[in-house]
Amino acid sequence: MVGTIELDTATELIEAAEGKAEEIGVPSVIAVTNSEGNLIAQHRMDGAWLPSVNISRNKAYTAAGLEMPTHELAEASEPGESLYGLQTTDEGRIVIFGGGFPLERGGEIVGAIGSSGGQVDEDMEVARAGIDRFEELVE
Amino acid sequence: MVGTIELDTATELIEAAEGKAEEIGVPSVIAVTNSEGNLIAQHRMDGAWLPSVNISRNKAYTAAGLEMPTHELAEASEPGESLYGLQTTDEGRIVIFGGGFPLERGGEIVGAIGSSGGQVDEDMEVARAGIDRFEELVE
Amino acid sequence: MVGTIELDTATELIEAAEGKAEEIGVPSVIAVTNSEGNLIAQHRMDGAWLPSVNISRNKAYTAAGLEMPTHELAEASEPGESLYGLQTTDEGRIVIFGGGFPLERGGEIVGAIGSSGGQVDEDMEVARAGIDRFEELVE
Amino acid sequence: MVGTIELDTATELIEAAEGKAEEIGVPSVIAVTNSEGNLIAQHRMDGAWLPSVNISRNKAYTAAGLEMPTHELAEASEPGESLYGLQTTDEGRIVIFGGGFPLERGGEIVGAIGSSGGQVDEDMEVARAGIDRFEELVE
């Protein structure tokens, strides 16, 4: 089985993330993928940056594919570190800064969420609002 | 000015299209873009085909970019006809079968909707449910 | 030497083509390349289709690269003919319908012009207005 | 609504930038896009570097898409900084050094200009000549 989440769940997470994005005034693009990094749903909020369409999708792809939050990849990808150059290895889809998180249910990764549209800490905050909603749903 | 539609409108059209897709039993991916073919929102229904993620987005891109429904491109793109070869000219983004339609408001194209997941006539029916909803909204 | 044409010449050809496009009411994108198919100049007229940006550039690339007008490729690329499948061989840059023409000076191909935005015969007419201007200039 | 600028305006900006490029002896490629980063016009000056065709277009794309001059992205994209890795996230289209600037009219971003062909400070000077012309036009 490839872990996945339902469209209804995906749009609930996106709406929770949109609520946070509105609250902090950062128009964002939010993407949810299944555990293979393939898209379930994506919303571009009014006024969100165009490159954020690709970046949010790639953040979710990276978090799903490597099974970890994207911000944990930054340090290891710096010059001199073990994964230096990681971000150019997979047809440009690996994102090594924050805003992508895997979604876990019953100890298994079933998908990922990625947000882009502001500073990295803002993107992380927006994506985490989606994660929080997901944790409420799986309880 | 380049036309666009709001995220709220885009998700309403997608929901209308999803309703039709459920009714006819065809899990679909539905995408809405602005008039430059850039994504506003996209939903992959549970069980929808993976290639439909790209195909639905490209159908919307094509309908936005060429300002016409994608099914009108089929005949002219056949061997021996004037646009034979059209579908490979724009980085593989031109779709020449049905399921993509421009969205028009006040005589101006402001975006497009694309659906993929079933037979072409089914994709067209699903996308048209989104168009019908759009026409109610702009009235 | 790689044959090329000067930017001043390229923009003169484009302006001549734009004049024809206005006359026949077909907002077009017009591209001029050097003999290697690399861009010298490109203009997107107000209201011209978005996919025409890539298509016009690829028409000029094809005409420069294969040293012939793009409409001469259609027949040979049909199923059963010798070049069947040609249009997918070069990273999607080969266009096999009309609107791209090589630019020849002193028996040598020095560049190409491509136009996209209307029906194929309209694109050819627009591009030919650029060719006519070029022939006046090289006389 | 998504902003755009007219072809006549775009070519005026490019000509102003070309004037500056000639003055400082840096053959450049200059691109103007609409606010979605799609091309309106592009000129490659005689003798300008071939990679500058893509780089200038991507500078304009980046400035339009992220709504800021490209040189403001350099620092945050360095190893150890918050956006390290940014330049590889969006299909290689994000440029994080100077020479791309958004074009603003009435508080709204309607397009962007990008220049490439020399040192970064030269590219910025050339592009700024286009910006200066734009500001005269919108006054």
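Here the chain labels run A, B, C and D in written order, and each chain numbers its own residues starting at 1.
The rule we apply is simple: a contact is a pair of C-beta atoms (placed from the backbone, for glycine too) under 8 Å apart; a residue touches a chain by one contact, two chains touch by 3 or more.
As the structure is a prediction and not an experimental result, all values here were calculated from the model.
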| item | value |
| --- | --- |
| Touching both subunit A and subunit B (chains) | D |
| Copies subunit D and subunit C - interface residue numbers shared by over half, same or different | same |
| Averaged-CA centre spacing for the pair subunit C and subunit A, given as whole angstrom | 42 |
| Chain centre separation in whole Å, for subunit D relative to subunit C (CA means) | 26 |
| Inter-centroid spacing, subunit D versus subunit A (mean Cα positions, whole Å) | 29 |
| For subunit D, residues contacting two or more additional chains | 36, 38 |
| Full enumeration of touching chain pairs | A-B, A-D, B-C, B-D, C-D |
| Residues of subunit D defined as touching subunit C within the complex | 6-7, 10-11, 38-46, 50, 53 |
| Subunit B partner contacts - residues on subunit C that touch it in the complex | 49-51, 54-55, 58, 74, 77-79, 87-88, 92, 94-98, 119-121 |
| Complex contacts: residues of subunit D adjacent to subunit B | 1-4, 34-36, 38 |
| Interfacial residue positions of subunit D with respect to subunit A in the complex | 36-37, 62, 64-67, 79-80, 82-86, 88-94 |
